[in-house]
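Given below, in the form of structure tokens, are the structures.
Two complexes come next, and they have one chain in common, chain A, joined by chain B in the first and chain C in the second.
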Partner chain A sequence: MINPSTRSPVWQARLPFIAFLVVALAVPALLTSGFQLRLVSLICIYAILSMGFNLLYGYAGQIAMGHQGFFAIAAYAYALLQLKAGLPVLAALPLSLVICALVAVVIGVPLLRLRTHYLAMATLCFGLVISGVANRWIDVTGGTGGLLIPSITIGNKTVDRTTLYYLIVAATALVLALQNFIVSSHLGRSLQAIRDDDRAAAALGVNVAVQKLRVFVLSAVIAGLAGIGFAVVSRQVSPSMGEFPVLVSMLTIAVVGGLGTRYGPILGSIVVVIAPQFLTRFGDMETLIYGLCLLLFLIFMPHGLSGMIKSLGRALSGRLARRTPPRLAPKHAVKKGVGR
Partner chain B sequence: MDKISVLLLAGLTNGSVYGLIGLSLSLIYGTNRVINFAQGDFVMVGAMSAILFMVTYSLPTPVALLAVIGVVLVCALALEFAVYRPLVRRGAPPLTIMIGTLAAAIIASGIALLIWGANQLYVPNILSLDPITLGPLTTNLQQLSIISAFVIFLLVTWFLLYRTSFGLCVRATGANPRVAQLMGIRSSRIVRFGFMFSAFVSGISGVLIGPLLGGQVSMGVALTVKGFMAAILGGLGSPFAAAAGGLVIGLLETFVAGYGSSLYAEPIIFLLILLVLLIRPFGLLGDFEAVRR
Partner chain C sequence: MRTQTASRTPIDAPQLMSIRGGIKRFGGLVAVDNVSFNVRQGEAVGLIGPNGAGKSTTFNLITGVDGLSAGEIFFKQENITKTPLHRRSAMGMARTFQIVRLFSGLTVLENVMLGFHPQLVDGFIPSLLRFRKVAADERRCAQRAMELLQFVGLAARADDLIAHLPHGQQRLVEIARALASEPGILLLDEPAAGLNDEETAGLGRMLRLLNDDGLTILIVEHDIGFIMGLCHRIVVLDHGAKIAEGNAASVQSDPKVIEAYLGTGGAHAKN
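Take a look at the complex of A and B:
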């Protein structure tokens, strides 16, 4: 049977990608205020973060709740490499991602032996440790105040806000392409096999431990990339980057957008970044509404916005198909035949 | 010597609370395989509603205690009816239910934020905080009450689970809910009992630890995570293993903070957990889970 999530017609797979690129590239022309541009950058950054999480949880079924830790580690590494070691941006960026990957390998080897709940709890502890260290290791991390990020200079030219935005869009497109490539490649299929049944996957020759570690490290590096982006856009690193709210937004994005879907992370981050702009008028109610939305989505729309769009699309094409004379037998008849 | 005894008592106090949260977590996990992210928020609700009833309404202590227990139990029922049931009815996998309880935790702290505000509040003490001397140890009744509550709840849980026919039902549901149902056990009631009993335990520990920690709306998450650490270290499979894990974490945390710096406490605990996981993936004492798989 053809798996719809791995193989779809070319236009269907490419269309949202092109739509994303067109919209993202047109944004600076349409939006004038810096605040709006910053919001769109934030959408891109959260989308990057969630695409890593999507690969790990949505496709491979390994839930890790410590990605806010990697988000913060890479940002701190990026800041410290520039401030303390005096490295240029082009060296600091890859080096901090390498640091992120090393940390992911070190904690991934023992932690990935765990399953489901244990994995979630252990990685959550990791996230807590990172935010604790960021808060209390004041000599290096600057405590709650955090560190200021120097503006990006390549050669002797400072990158201005619009260029920075284009850089972030490029990074998002790159990660999106990477995600789509992985999902439709051998790795993606073995990840989904692990998600559905790891023993069966192992029996079919998937090296479960190695594949899990690979996707864990990859998603940690992607989270780190998002962290660096976030730090550059907000021009500072602070311990709040490694704290609980980041995890909550990441989970909300995953759930609202739809787990294990290609464009769920982008849809989810649009909602999660834009919605609080409307929620601020509720003041103290914000937390409550956040939680309620998460819960309602979980109960009533378990496949998120992507699932809704897909079923809408199916309903529309169903209506179209009804107008044209049916070439196939009605669905239930087909099903019956298969059943027998 | 003086420092050691002070740290020992403080560690035992904190460890008792972590242990009680770990015990509650593993009780719920034992009945329905769900990790309850809102467990720390039960502690928060316990502490904060103690403020509400004892300070704002100035009710007499026993009445206030009953009211607090009532509030906590209502929260547990709300969690079961509004989060657990609908998700289970729609066939959600356990991890989705876990995210659902996380949503419940956010909702709980959101509502608490509306009622009590974001500031740290003083939680009234039921027992006196005056120092008393027991041989070489200097302590106060509040601390002692937490440690004794830990012991009492351990005994009660042990008695319930292993010495009553109801406990047999609970354990049967934990081992295999479907078969238990075929044997005439109402699994849904057992699950509700799990939620209510663990909420009761956590609520009481909230009332007791409140005066020492201070009540804050956002305290739930940190406590939940400490409970997780306890449960992983000891093993989720058995409530007693999780409780023991809590004691170890509480003691370790206080001693490292006392002799080194609080900076090292959490990383050291995490390293310990990593080491334990390398050797025993299901926790130090968690055989149950390993046998099941």
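Take a look at the complex of A and C:
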């Protein structure tokens, strides 16, 4: 019998993690155009955003539809702290994440008493308020025009595009590592317990309300980090960051990549960022085709790309199992693959 | 009342848990009416009564699912009347549910590992700062959970999803999960419900083994037969009030109990 205590949870995550790092670090050498590098940056940024959302919705089962608000808040805070308060980048970055966390606590405490679609509606309203403020509080936010983000200078050196890309990859790796740590420890288990049956989780000593708030704040801060990354890459903040397209992208990534899986957010982000590039040749039909593809995806791959890779892996190891007599090994091989 | 078993020798030990003057009203209905009893250290106590007697409500008051309308509950000399659900479990109360409540998205092993939750580092940031301890705890919990699964005979199914297990085995996982916290008291809500005769007998033996090993047990049952050989003492509820308390033999021969179960009309629905 296989002793599970020898099965390091870290290993389940290490291989895809290394694969991500290798690919991401090799990208600047392979891609020549700035546009392509920007696309890969966008993949990373959406992956960050979606990893937070994945922890909140995929693992803890709390559906929030206002994270585009945090995406925008942190970006505006980051811009304003530099433009109006004259803070250096290294102060503005953490401070804007703290602001994001504080806002998340303030709205999380009352809203997390709600569940399911009530929570979704309430957080959606929060998102609408943020985009309303961003559009109308013109003196501060610059209205629909938004604000320009100063380029990052550390000391008197300006960070160039490739360095910026590496910074974003580093941030993505950090968030991915954090997500994997949470998911492979008792923290992730308690989140999944809340998702599956919060009353039973409470009976086992999980402080459901506090745990929900923690993961909400964490996902908001991660969304904020993604927002700052987005603003820096696009060199501006605009109210569109707090609007529906961001939410829709996030939800699409969750569905396409696979909810509650470790690498779903990255896989989903690749599809959501790259696919429209290939669809532009269809002109006016682009949105229609994109929507149709998503629909087919939902019908035939309810567990997303992660689920598909997992079942492919299972089929493959099932074939191997028929050839090799001991049957326990392949089962574990599947568990170590992509996914939970 | 089919099984006539010799009553177990009463235990003389300090009180571990007690409910005093417990009252629970739901609107105009008094579901639990001034119920008092205690459970001693190392004792197995049965809480029985016909359908609608208030057993489950009393159980919910003790575990903290419902708040009392009046009265007090003590556990380990502490007044826990107002203590929230998750804190009670951290204090050493572990429970199972009348209808098995496991986490369907987790494996059997992970379900049992959740039982360790109160002992582990709390919070994201403290966990990150003490990641070595978290990793060590994780290995220790997995090992201990595996031992518990071995105890209930399900070690081979550790990596299966809960949904793939038959009901009887799910019940055992729930018990293993409850045992993970090394509870001061194990509270069981109709554990034999939905089990076949063989499974019920196995469960009875397992609980007896645990109790002989020093685990305090409070068990709510509808079926008197199941707990007769197990419990030192039995508390009988009817219409929300305690009508009898004593060892198996005395309870079984109590005319009030016989009337509650058989009724004057003699219609006893189950078993």
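Operating definition for what follows: the second predicted complex is superposed on the first by the 311 of 340 C-alpha atoms of A that agree within 3 Å, B and C clash if a C-alpha of one lies under 4 Å from a C-alpha of the other, contacts with A are read in each partner's own complex, and residues count from 1 in each chain.
Keep in mind that, in the parts below, a contact is a pair of C-beta atoms (placed from the backbone, for glycine too) under 8 Å apart; a residue touches a chain by one contact, two chains touch by 3 or more.
The structure displayed is predicted, hence computed values, not measured ones.
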Contacts of A:A275 with chain B and chain C, given as first, second, both or neither: neither
Which of chain B and chain C A:V248 touches, first, second, both or neither: first
Touched partner set for A:I107, first chain B, second chain C, both or neither: first
First, second, both or neither for A:V159, with chain B first and chain C second: neither
Which superposed partner A:L83 touches (first chain B, second chain C, both, neither): neither
Residue ranges of chain C touching chain A (in the complex, touch as defined): 63, 65, 84-87, 89-90, 94-95, 97, 101-106, 109-110, 113-118, 120-124, 127-128, 131, 134-135, 137-143, 145-146, 155-156, 158-159, 177, 181
List of chain B residues in touch with chain A within their complex: 29, 33, 35, 82-83, 86-87, 90, 92, 94-96, 98-100, 102-111, 113-114, 221-222, 225, 228-229, 231-232, 236, 261-263, 266-267, 270, 273-274, 277-278, 281-282
Residue numbers on chain A that touch chain B, as the complex places them: 63, 107, 110-111, 113-114, 116-118, 120-122, 124-126, 128-129, 132-133, 136-137, 244, 248, 251, 255, 284-292, 294-295, 298-299, 302
Chain A residues within the chain C interface of the complex: 1, 3-5, 7-10, 178, 181-182, 184-187, 189-190, 192-193, 195-197, 199-208, 214, 218, 260, 331-332, 335
